[in-house]
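Can you keep this structure in mind? I'll have questions shortly.
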Amino acid sequence: MKTYNVGVIGAGFMAKAHSMAYAAMPMFFWPAPGIPVRYSICDVTADLAADAASRLGFTKSTDDWRTIVNDPDVDAVSICTPNDSHAEIAIAAARNGKHILCEKPLANTAAEAKAMVDAVVDNNVTNMLAFNYRHTPAVALAREIIDSGEIGTVQTFRGTYLQDWSADASTPLSWRFQSAIAGSGALGDIGTHVIDLARYLVGEINEVAANLKTYIPQRPLSNSTVDKLGAAAPGVETAPMGAVDVDDEASFAVRFADGATGSIEATRNAWGRNNFITFEIHGSAGSIYFDYEHRDELRVAYASDRADRRGFRIIQTGPQHPYGDHLWPIPALGIGYCETKIVETYEFFKAITDGTQASPNFADGLAICHIVEAIQRSHLTDGAWTHVTR
Amino acid sequence: MKTYNVGVIGAGFMAKAHSMAYAAMPMFFWPAPGIPVRYSICDVTADLAADAASRLGFTKSTDDWRTIVNDPDVDAVSICTPNDSHAEIAIAAARNGKHILCEKPLANTAAEAKAMVDAVVDNNVTNMLAFNYRHTPAVALAREIIDSGEIGTVQTFRGTYLQDWSADASTPLSWRFQSAIAGSGALGDIGTHVIDLARYLVGEINEVAANLKTYIPQRPLSNSTVDKLGAAAPGVETAPMGAVDVDDEASFAVRFADGATGSIEATRNAWGRNNFITFEIHGSAGSIYFDYEHRDELRVAYASDRADRRGFRIIQTGPQHPYGDHLWPIPALGIGYCETKIVETYEFFKAITDGTQASPNFADGLAICHIVEAIQRSHLTDGAWTHVTR
Amino acid sequence: MKTYNVGVIGAGFMAKAHSMAYAAMPMFFWPAPGIPVRYSICDVTADLAADAASRLGFTKSTDDWRTIVNDPDVDAVSICTPNDSHAEIAIAAARNGKHILCEKPLANTAAEAKAMVDAVVDNNVTNMLAFNYRHTPAVALAREIIDSGEIGTVQTFRGTYLQDWSADASTPLSWRFQSAIAGSGALGDIGTHVIDLARYLVGEINEVAANLKTYIPQRPLSNSTVDKLGAAAPGVETAPMGAVDVDDEASFAVRFADGATGSIEATRNAWGRNNFITFEIHGSAGSIYFDYEHRDELRVAYASDRADRRGFRIIQTGPQHPYGDHLWPIPALGIGYCETKIVETYEFFKAITDGTQASPNFADGLAICHIVEAIQRSHLTDGAWTHVTR
Amino acid sequence: MKTYNVGVIGAGFMAKAHSMAYAAMPMFFWPAPGIPVRYSICDVTADLAADAASRLGFTKSTDDWRTIVNDPDVDAVSICTPNDSHAEIAIAAARNGKHILCEKPLANTAAEAKAMVDAVVDNNVTNMLAFNYRHTPAVALAREIIDSGEIGTVQTFRGTYLQDWSADASTPLSWRFQSAIAGSGALGDIGTHVIDLARYLVGEINEVAANLKTYIPQRPLSNSTVDKLGAAAPGVETAPMGAVDVDDEASFAVRFADGATGSIEATRNAWGRNNFITFEIHGSAGSIYFDYEHRDELRVAYASDRADRRGFRIIQTGPQHPYGDHLWPIPALGIGYCETKIVETYEFFKAITDGTQASPNFADGLAICHIVEAIQRSHLTDGAWTHVTR
């Protein structure tokens, strides 16, 4: 079976997830579409990179991502760095013919994203965007149910992504609160995950009407380069303060191309919520509800069930459902973050070896950037419905 | 203890609820602020009214509501008729000095509602609007928690009211789908319940941005005068069709006077949802979640809980909570629709005997009519933020 | 429609529940099988009884229950007094031809219960036992589903009744902790509710194997005659202590006559649980789960559902389900304790006027006393399987 | 960092889980206690073994497990074969000084298990038993909470493991239904998981009282050697039938050494349940509830919370909780089966390198075999309380 040398750029928590999945994917999907070899990894210093190579099982390490994208022995790269570096790395990788799995969001601006899409198209490399939640079996099942027409015509989509790690005003001003690096706040960080799910499940979005809000306008400066999300640093009470210039909360309505409507809320300031990715979809013949915190389940209501025996069915995904033959032999044995990344890696390699479009790919990422920009324009124009550029 | 003769106008399901509560209230709240006497009831024909009197335990009956509002022996009236008749009845009752408990929404237009408010103010009668869900103990507890500052400054409110009785396209064209009688669709019928909860818990609403939608533009005509909600009549397949001119779905964003934001969705077309009244409130120091389908519970997350022992607490309301001394001695023994109406009736009589403002009252109803109208204006002006008239 | 004069003996929380239901029943079930008239009520002193009459809407009051059972104008009585008084009152009432609705458990011993059954049979009076939870619509639906064969042959029943009001060691030594009055502890007080559900849903119980436990052997003496469940009295730290001679926890296995097995746990010492009545039933073709704290729902799993669309259905009871036409027009509008007692009262009056056996009746109560005694015998004989006397 | 050559014996679903965890463990736990090298794997034929080596990333393969246990280059072995082969393999491995991670249950009889314990003790090898569920972070948190005294003295434990894959009577007669290979049915297969959790959380078990039941006494013979759990083979309707000689349902009460009691139910015949591992623990000062199907959560009720703000807290495990620093940076990002096995592997290697006892180890496995045998004895002696041999 063909092996592929993989380079991973970045060595934080996402690099860990990618590396685990590269190692584990063929164990689950066999015969595998290709065998990923953990070949080279990059971190900000040579020492950190060498440590990452030991830790994550890579043969080589470097402190310069160009070493990886220029290495003729590298077949594919994972981009696991902050948002503002995605474009430069991805474009260079594409020009060198590397297949690319890029962490989300694709880029901070639609302009950057467009350049990325052009690069992967021009160089004909497989490109995938790491919106992993669509690879949760229950989400893939939702797609199957919608596609089959079981719930009729989709009428509404309602989605949330609620976390609480930035709800504490003493959470330091990491790069995630700086628009120059992060592009936006909750909107780009987590709101885009829900936008991805909405597009995956219901289709293209034509218009948005939005309301953005920053609850905590200043945060303590941190001299740590490590992004520990909500972890307050010692001495934070006396730290100088810096301005937050991204949204803490993004709330927006959407209109889909096929006529359905929707509403989405994303915030990292919701005390008590941690990874509360939910969607509820109402169709003319049924409804679907999903909550990632209970991700082994999909709830489906069918209008066609006998009226006095009707109600949401709690379907626990297992061998009978998407990817089920390859994961675990009993429903609810347990889908975790690992499993979603293993499926993602499988899809990436299947696209590489089949020459098909990955799901989602850079074009999806560009479409999402356009939606994000339309949301920002709507917010600045009194929340009115705003067309999404294509 | 002073008794009060009550007249109930209308004899449908709401009249049953009011009558039950008039009978039961003193059993729960003792010493009662007053003893309601089921004195007179009105239905559309004399026979139906007489039957209602037997069924609901009233002494007298009539087919003319004026008989009740003109009767000097009547102290208070319940208005349980369709929305378009509220204003005329209430104004007449007020002029005759009757205290009034009016079913929601107060009126189909703010103009009507304003006339009703003027009438009750001019005649100095106690006036209350039957948004019963705020009288659920868990909702009253939410208010207590917010008022106490336990969750800090409220930042967002997210509410829903989802039902499915009109999701079936064969549901007949009852008065609830006709704007001339109902005023609006899901918006006025159930959306106003959530607006009431939002105002009760978070405060006055200044601006709205809205999206209304009609999914099923035509429905079979029904010659039944009885409103059986989603029950399809026999022969409905061949019935002539009539146009629906109200919304099936109302989705809108709100801005509260104190700076918080919110989003609300109401629809009667959500398969699998029946009485899905929910709200989630994020504050600077905690969050609250409520779901009426599990109404014995309030979920509260406190930022102040030790970080590794933090999580939503599922508080089951009982003797320690609002109205708890008067309801049942064990939490979760069971709050049902009856209990919410018994509390409502208690609040009505307390307002009568104390001379205080009932909660909610006609002024609240007028404010809600203004919000509904602002929602309708926003919908017609591209969903842009629209000021609510005061 | 025929009216029936009702006497209520006892004036505590159960008397409130009965009185409310007598007043409300015809409003829900119309034409009613009979119109209950709140005629006479008894409490421990004449003053308390007079107050109860005002509060609960009775015409007459007395401090001697014999006045009620001897009154020729009384047609039916509710017995709402502590367990040890049930037999004497019920036997006297039966001898005077009164129909009887008795609070549970029927009696403290099977011997007493047998005498009660004999009395009602000999005097041919309608007799009913107030295990109200079987009258929850979702429970009645469970029965309907089992009877229809939808889940095949029942194999196991697992039930709980968990509360926490006695978990605090400072909860005073009320009558509920004294076997002379209460007969047993959690077993008789709440365990019998689950036994009733087990018999109602699965059938007669032949054998039991049991384990009883007292966690808190001494409690502070209280000089209050009022039973406030878990409410600690002021000064309780210095109160003299008395011995608890009843079980705090009853855990037992059961074998049904038809071959199914089961396990039941009842305790009032489960912190965080309040009225946690649950059952799960596994059949050869499906399963049922019920949790009274979420009593508007019944969860049902069908083996016959397509394997990849199978899962517990969350059925919310409404107009389509047992008693639904008479309760509320929308599922989940809300079943509370009131609604269960209104249904119970309807069943009582239906039995009176139809001359049919009420469900459950005194014979059921006797059967349950036999089961309780078998449980106590099993506990004393090393937990071995013990036959239930018939 | 020291590397360890690992041999995996067996190549089914458990071998996949072990192999994934060997590859991934150092990525999560760094610096790792040791680096596992996937060295050699054994399956029933040479071809299958070679395929497994490719699939799971091993260097060598064999169809004879002795090749692995005799190989001086092998440091540690995973035993992932059916229950009846554990003893022979483990004893041989121990004699050759290999560290051993053995799938559960340890053995089919206490006698076998005793020989295994003797072998590992005599040869001083690290030995661990793969009851992975105790390595779920929420379960480890439960242990931490109990150990800290936060819920006081434990009084009761109530556990379940419910599945439905054998509920269908057409499920073939795999080895799992044959006592000669499997030892017992639901009891040994899944009941032992709950026994492990009970011992881990509450302590040693002294006595049991049990009821075992076989619902489906005959099943179609299958000529497949592959264990696909509940998957019915084609042509099953006409297959000859064979006798099931293991339990379909095990229900038993337990008494812990420290005075607490408990009850446990395990069955693979519960339609609608898939991996329903739950426990509820009541202590004198609080309660804990866990449900593996929602395994990112632990529910904890504290008596010490203010009475009117008391209720189960839904704690979502994350960086603040056991293993949290090493898993994912946000609670509810997702614990799956992978994560539980990665933690297990870490604990195995920590024990190897520290020279400490693994948790759980073979001695725990022996204790569980003694409990299983006591359960079987109790069942045969009328369900009476039966002492567990030590």
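Labels A, B, C and D are assigned to the chains in the order they are written; within every chain, residues are numbered from 1.
Note that contacts are C-beta pairs under 8 Å (C-beta built on N, C-alpha and C of every residue); 3 or more make two chains touch, one makes a residue touch a chain.
Remember, it's a predicted structure, so these values are computed and weren't measured experimentally.
A.B. asks: Pick the pair with more C-beta contacts: A-C or A-D?
C.D. replies: More contacting C-beta pairs are found at A-D.
A.B. asks: Compare the two sides of the subunit B and subunit C interface and say whether they are made mostly of the same residue numbers, over half shared, or of different ones.
C.D. replies: Same: when the shared numbers are divided by all numbers used, the fraction is over half.
A.B. asks: Go ahead and note the Å separation of the Cα centroids belonging to subunit C and subunit D.
C.D. replies: About 41 Å, centre to centre.
A.B. asks: Using mean CA coordinates as chain centres, what's the subunit A-subunit D distance in Å?
C.D. replies: 33
A.B. asks: Between subunit A and subunit C, what distance separates the C-alpha centroids? Give it in angstrom.
C.D. replies: A distance of 53 Å separates the two centres.
A.B. asks: Residues of subunit D that touch two or more other chains: which are they?
C.D. replies: Counting only residues that touch two or more other chains, subunit D contributes 297, 299, 310-312, 316.
A.B. asks: Enumerate the contact residues on subunit D facing subunit A in the complex.
C.D. replies: Result: residues 1, 13, 16, 19-20, 23-24, 26-28, 30, 32, 54-57, 163, 165, 228-229, 231, 274-276, 292-297, 316, 318-319, 328-340, 342 of subunit D touch subunit A.
A.B. asks: Provide the residue numbers of subunit D that touch subunit C in the complex, in ascending order.
C.D. replies: Within the complex, subunit D touches subunit C at residues 151, 155-156, 158, 164, 167-169, 209, 211, 213, 215, 249, 251, 253, 261, 263, 265, 267, 269-273, 280, 282-287, 289, 299, 301-303, 310-312, 381-385.
A.B. asks: In their complex, what parts of subunit C are in touch with subunit A?
C.D. replies: By the definition above, subunit C touches subunit A via 297, 299-300, 305, 307-316, 320-321.
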